[in-house]
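In what comes next, chain A is part of two complexes: it sits with chain B in the first one and with chain C in the second one.
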Partner chain A sequence: MKKLINDPQDVVAEALLGIEAARPEVRVDHANRIVYRRDTPKTGKVGLVSGGGSGHEPLHGGFVGLGMLDAACAGQIFTSPTPDQMLEATKGVDSGAGVLHIVKNYTGDVMNFDMAAELAAAETGITVEAVVVNDDVAVEDSLYTAGRRGVGVTVLLEKLVGAAAEEGRSLPDLVTLARTINDSGRSMGMALTSCTVPAAAKPTFELGEDEMELGIGIHGEPGRRRVALVGAREIAEQLMEPVLDDLDFTSSPVIVMLNGMGGTPLVELYLMYGEVAKITDQAGITVARNLVGNYITSLEMAGCSVTLLRADQELINLWDAPVNTAGLRWGI
Partner chain B sequence: MVTSAVITIEQLTGWLRRFQELVIKNQTELTELDSAIGDADHGINMARGMTAVINKLDGQHATHANDLFKTVAMTLVTSVGGASGPLYGTFFLRFAGSTGPAVELDTAALVTGLDAGLAGVIERGKAQPGDKSMVDALSPALEAMEAVMKNGGDLVAAATAGRDAAVAGRDATVPMVARKGRASYLGERSAGHMDPGAASVALLFEALSAELAG
Partner chain C sequence: MKKLINDPQDVVAEALLGIEAARPEVRVDHANRIVYRRDTPKTGKVGLVSGGGSGHEPLHGGFVGLGMLDAACAGQIFTSPTPDQMLEATKGVDSGAGVLHIVKNYTGDVMNFDMAAELAAAETGITVEAVVVNDDVAVEDSLYTAGRRGVGVTVLLEKLVGAAAEEGRSLPDLVTLARTINDSGRSMGMALTSCTVPAAAKPTFELGEDEMELGIGIHGEPGRRRVALVGAREIAEQLMEPVLDDLDFTSSPVIVMLNGMGGTPLVELYLMYGEVAKITDQAGITVARNLVGNYITSLEMAGCSVTLLRADQELINLWDAPVNTAGLRWGI
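After this line comes the complex of A and B, so read on.
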């Protein structure tokens, strides 16, 4: 294992020291591993709290700031944060307008946020709502799985709901908006390589030179299918087909995100975006906005995911609203 | 053969110490099981959590079962993370609720407490037997302990039966297709691998049996 780390046990704590040193728009509670927006709580504004395992940077700590999250709880690498962290963050961002938890649909994240909401109800008078993101078409959504995973749509949702919260919208309005966004987006990912959890010191799975993993999540877990490695054009088709089969994206403009898994250079991500754009053109899909880069990653995994989100004019306006975070910044 | 009618607070603490030792001894194996069908952290997380529990217990002397297990539960919830934190945390929290401020537990009280823990795990995780989860070791272990108790067996015999059933339940997860947790994303590919949560539950019962056997 070759990584830019000191002790594997200290990776998350030391990364938070770096985030605090680098980013003037945040402050960090190191004891509870929470990244806060510097000016939270803002009077009258609903507090947005997310969190999850580390290793997906810039998600979530890199999305704290103006126009996005008020707080992000950092777990260990690929491990959900704990209810005490989420409770502390909830108290820290509440201005009296309530708090929205943005939760990716993973067993651990959902259970820990559930416990946090129970604790918040028991210990404080804070109104807490939760939205669970589950946009990954690689997982069959049935009674026999833990359900679809929360992946790329999480990034878009944090941006859009963050902008709406900034406008002063109420908690019930934000819940409705967040659920609409979740229902309007789909993602699919693939990996060329595995990744190495620092504490495990070796790759989570092995992939041959001529293989790729299709339908991966964001935790270095193996995907739905291991298939023969093909060219970018065919990979784009294999990612887009299940997304387009699952939801109609021709009836309104869309926001497209071509996301890197952490270990793929931008030259390849732009090449892939070109292939995806050809497919959307052929399918008669209007791309209103796009995002190309590393936004929800899986350590140093090579590969990418593609996310499509239906976006009416209201969502496009929210998308264009100012944002100032480590991961996204425009309009300021 | 040691016979005993009750498990004392010292033995309950000893059970937890043995569990921590077993988790650390099997940490790499648990993580390797999790690499195959999950996210490669179960051994790491359980070792960190149980070490935090033992450090906490070293600093305070609980004299009642509910205080002891509430401390265990909250420490696990705050230090393990993932799914195992809330699941083991809920298990011990419900156990604490069941025992109340007892200073020792007879077989019936122990089994009732463990049963309350199992119910909590099912409620929190929504897994049923056969879903390839920790329930597949917990549930048969409890059934075996209840059977021994009904036949008039003592605590040591119940714990031994519980251990054997947990191990058998753990092994029975190998061919199962996962329906809960991250392994469920693999679908049929999850078959052929032992469930890491069931493996750590087997260690919990191995620790209990060893503590009672003395």
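After this line comes the complex of A and C, so read on.
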């Protein structure tokens, strides 16, 4: 295992020190491992809280800041944060306008955010709602989920709902918006190589030199099938086909994200985006906006995922609104 | 070799297709492999041209756009572009105010940009100046250079001089500014793993499971020494010590870039930045701005580099000016 770390047990705590040193727009509660937007809570604004296992950076701590999240709870690598962390973050961001939990569909995350919401209601009277993201078309159930896994749409949802929260929209409005976004997006991923969880010190799985894993999860959990490694064109087809089969993306403009899994260089992501763009062109899909880069990763895994989201003019406007985070920044 | 590519010979051409599909602010001359800012040439503005071997993305094509470059010439992977490409780009960006070539100090790049400048003078009368970036403290001469290699300062220089060009400053002013920036910055890098050039299909070098290469070049060329792999804290010290020994960074604020080599996940880069920040704190260095991410890469190499640049208030203001490129974006 070759990593830029000190003790494997300290990776998350020390990465939070680095985020805090690097980013003036956040402050970190190190005891609770929560990244807060520096100016939260903001009077009249619904607080947005997300979180999950670490190892997917910039998700979620790198998406805290103006126009995205108010707080992100960092679990250990690939391990859900605790209900106590989520409760603390919920209290920390509430200004009286309520709090929305943005939860990726993994059993631990869903259970712990549920528990945090119950504790918040019982202890504090804060109104908490949740949206569970489940956009991964690869598998119906998986190692860590009942139902589809939450992947790339989480990034887009945090941006779009973040912009809407910034406008001062109410909690019920944001819940409706968030559920619409989740229903309007689909993702599929693949891996060329495994990742290595620092505490495990060995690869999560093994892939032969001529193999790839299609439909991989962001924790290295198995996908649809292990298949022969093919070229970028065919990989793009194998990712896009199940996405396009699952939802109609021709009836409105879309936002496309071509996401790297952490260890894939940008030259390959650009090339892959070119292949995806050919497929959307041929399918008569109008791409209104796109993102190409590392946004929801799986440590140093090599591979990529593609996410499509139907986006009407309201969503495009929210997309274009200012954002100032480690992972996404424009208009500021 | 496991990569998201089609034919190894087509990697650069196909990555350019992807950049063009993804980024509305650029257009691509595919025959000459030049990424242009869509609105170049802009009357009265000095044209900024850079370029070099591919495989370092987002450098340079991902830095074309408002507030940075007007054009970037893409060579094959780790291979200098030709004088013809550079001449064509020079013609393409000149509005009569002259053209500045931003050249990393590698023998092929320097020779070819020189030749392009001579051809431009002879054929077109365009006034061309050049700045050669040579900020790498690792080695005095190397496999591909006489003198120090050009690495991380190139990214910062393209941003800062790009902002100054946007203000309408003259070519002589920009040359002075660019040389000051080059003189004010230093970098040092390291690798945990090699990269694999697609056409070679095997790793450029071999590193044992317990080794790292200190002072690595961005083409995998040898560094200062091959040493035992140590923890992030000690790696940060081994990178920062030669940088701080080479130039005084305590007498003015600095911009710090903690750059990933392409295959290093963001969680490790955040952690490394935390270690670098401890060292700058202890050394009494004021960090005014920072960048943490993949900016000048070496395909899928795992590792990082650190760059420090002395930045007075003029440079900080240029840093904060709007930029709109694939690799750096703010204020837009």
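FYI, the second predicted complex is superposed on the first by the 327 of 332 C-alpha atoms of A that agree within 3 Å, B and C clash if a C-alpha of one lies under 4 Å from a C-alpha of the other, contacts with A are read in each partner's own complex, and residues count from 1 in each chain.
Note that a residue touches a chain if its C-beta (ideal position, glycine included) is under 8 Å from a C-beta of that chain, and two chains touch if they have at least 3 such contacts.
Predicted, not measured: the structure shown is a model, and the values here were computed from it.
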{"item": "Superposition on chain A - do chain B and chain C clash or fit", "value": "fit"}
{"item": "Partner chain in contact with A:Gly52 - chain B first, chain C second, else both or neither", "value": "neither"}
{"item": "Which of chain B and chain C A:Gly65 touches, first, second, both or neither", "value": "neither"}
{"item": "Chain B versus chain C as contact partner of A:Trp330, first or second or both or neither", "value": "second"}
{"item": "First (chain B), second (chain C), both or neither touched by A:Ala146", "value": "first"}
{"item": "Dominant toucher of chain A (residue count), chain B or chain C", "value": "C"}
{"item": "Spatial angle chain C-chain A-chain B, Cα centroids [nearest 10 degrees]", "value": "130"}
{"item": "Chain B versus chain C as contact partner of A:Leu192, first or second or both or neither", "value": "second"}
{"item": "Which superposed partner A:Thr264 touches (first chain B, second chain C, both, neither)", "value": "second"}
{"item": "Lowest inter-chain C-alpha distance for chain C and chain B in the superposed arrangement, angstrom", "value": "18"}
{"item": "Contacts on chain A seen with chain B and repeated with chain C across the two complexes", "value": "77"}
{"item": "Chain B to chain A touching residues, read off their complex", "value": "31, 35, 38-41, 44-45, 77-87, 89, 124-125, 179-182, 184-187, 189"}
{"item": "Contact footprint of chain B on chain A as seen in their complex", "value": "53, 75-84, 106-108, 111-112, 114-115, 138-140, 143-146, 149, 197, 199-200, 204-205, 217, 219-222, 224"}
{"item": "Of chain C, residues touching chain A in the complex", "value": "2-7, 11-12, 14-22, 54-55, 57-58, 62, 77, 192-193, 209, 212, 229, 231-233, 235, 258, 262-275, 277, 290, 292, 294, 297, 299-300, 302-304, 326, 329-332"}
